[in-house]
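Chain IDs A, B, C and D follow the sequence of writing; residue 1 opens each chain.
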Amino acid sequence: MGNSKEYIFTLEIAVRDYELDSEGIVNNAVYLHYLEHTRHAFVKQEGIPFGSLTSDGLVPVVRRMEIDYYTPLRTGDVMLSRLWIERKGPRFIFYQDIFNRDGGELVVSAVVTIVCMENGRINRGDDLAARIAKYLDRP
Amino acid sequence: MGNSKEYIFTLEIAVRDYELDSEGIVNNAVYLHYLEHTRHAFVKQEGIPFGSLTSDGLVPVVRRMEIDYYTPLRTGDVMLSRLWIERKGPRFIFYQDIFNRDGGELVVSAVVTIVCMENGRINRGDDLAARIAKYLDRP
Amino acid sequence: MGNSKEYIFTLEIAVRDYELDSEGIVNNAVYLHYLEHTRHAFVKQEGIPFGSLTSDGLVPVVRRMEIDYYTPLRTGDVMLSRLWIERKGPRFIFYQDIFNRDGGELVVSAVVTIVCMENGRINRGDDLAARIAKYLDRP
Amino acid sequence: MGNSKEYIFTLEIAVRDYELDSEGIVNNAVYLHYLEHTRHAFVKQEGIPFGSLTSDGLVPVVRRMEIDYYTPLRTGDVMLSRLWIERKGPRFIFYQDIFNRDGGELVVSAVVTIVCMENGRINRGDDLAARIAKYLDRP
């Protein structure tokens, strides 16, 4: 369960009560917000402020998302949202797992495929790869 | 592209401007809302009001979601959100495609796995299957 | 109760289940989305597409919101969202009421103050006023 | 500007990028989420877990909200969300101000009226008042 390789980034996020649905658990769509927030926090840490890629005319977009839901988050929960990355040609694959910080349970496990668009076409992604090279070249 | 079998339900949904993100396109998490809204509208049409399953102690939950993003929706767009279903043991697989109503382009294509939980355990799903039998027994 | 003058615009909006909170009623923040969606639908009807004001460098922004909550909306409800407008110098006051379409009850009643910003300063609002003059000159 | 009395609670909240709208600023409805999240964090700190009031059959609901918008929040911003309280008969008035942590600017200033419902009727609020008495009896 979860994505096995070594994580390169971890973000702690607290559940906010308005993210709960009428069954008292975090709504399934909200996890995509957590995952996106984690990716943005990661690229910011790398000195790539949100929007800087777009100022070059490059827009990173989500092409595919696979997400398995294991244990729901509830009011008061705090999560650890972790990721590692792989490049496959123009595609950047983010392996993202969210754990309950206190219990340690796996909450969701996701594989998110990102590509960079430039003027409506898929870009080769070399610019983005150069900026995060150290995370891609791991054995 | 898209899920090929014959659709059994179609819902028309209009984009609301607050669903756009800072790039002017519908945020990727919002599509999960559209997909959920479509499933709920479908089960209501079948006479299963939202919450009735839960009043039996049965709670349908999303276990897995795969979603491919093709063409983003923008302000003013109206979508056709369509689905068909398959049962695999306790799992109900919703094949859900969203099209741009006016241009006809495929927007997203999703495969959503639902199971019914009962007192914290996965239920065999026979109750739900009985209620939507006519959609499951297609050749 | 409600804003008494004659309404100039009505939009029908259906509640979507993901808008419910853990108490089974529409979350109080979601009504601001409904109100914004209604204002946007109104200006579009007047031939002012979303974003066109901003292409002139003019950005309409909300400066103040007063909202009274009367009867909550629940799953399956459909609302009638209505408005009328008044201009007070640079401020455009939107009087917005939402009713339950079927029961007729007043759901929320809001007074929303909008100003147009231009390069970070409040604009006199003459452009916007000209475009919606027929709604402002009522006796 | 802002609500002048002494604050009794402060919560630090970071903007998440998906809360930005297509103009790159936090959408006006999202501030109601921040304000609600702050109230919940406050009552939890007081030993009133979210939902405990409701287990007594008491449901706190928002009856009225007034909110002035001053300076918008943007990507990367962190806010300080502060409040103090007053009781007026059955109504609990939350005075809530949000400041930009780094620049210090006032972001929004809100006055939120809460009442406790019990079986569909407004409760006198004595239970809630007893639990937060030390914040209400200030000279």
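Rule of thumb we're sticking to: contacts are C-beta pairs under 8 Å (C-beta built on N, C-alpha and C of every residue); 3 or more make two chains touch, one makes a residue touch a chain.
Just so we're clear, the structure is a prediction, and the values are computed from it rather than from any experiment.
**Q** Using the stated contact rule, I'd like to know whether A-C or A-B comes out ahead in C-beta pair count.
**A** The comparison resolves to A-B.
**Q** Can you tell me which chain lies farthest from chain A, using the average of the Cα atoms as each chain's centre?
**A** Most distant chain from chain A: C.
**Q** Provide the C-alpha centroid distance between chain A and chain C, rounded to the nearest whole angstrom.
**A** The mean C-alpha positions of chain A and chain C differ by 35 Å.
**Q** What whole-Å value do you get for the distance between chain B and chain C if each is reduced to the mean of its CA atoms?
**A** 30
**Q** Just curious, how far off is chain B from chain A if you go by their C-alpha centres, in Å?
**A** It comes to 23 Å between the two C-alpha centres.
**Q** Which residues does chain C have that touch at least 2 chains other than itself?
**A** 17-18, 22-24, 29, 33, 36, 51, 75
**Q** Note which residues of chain C are touching chain D in the complex, please.
**A** For chain C paired with chain D, touching residues are 22-23, 28-30, 32-33, 36, 51, 54, 59, 61-69, 72.
**Q** Which residues of chain A touch chain C once you look at their complex with the stated criterion?
**A** Touching chain C from chain A are residues 17-18, 20-24, 27, 29, 75.
**Q** Can you name the residues of chain B that touch chain C in the complex?
**A** By the definition above, chain B touches chain C via 16-18, 24, 33, 36-37, 40, 44, 49-51, 75-76.
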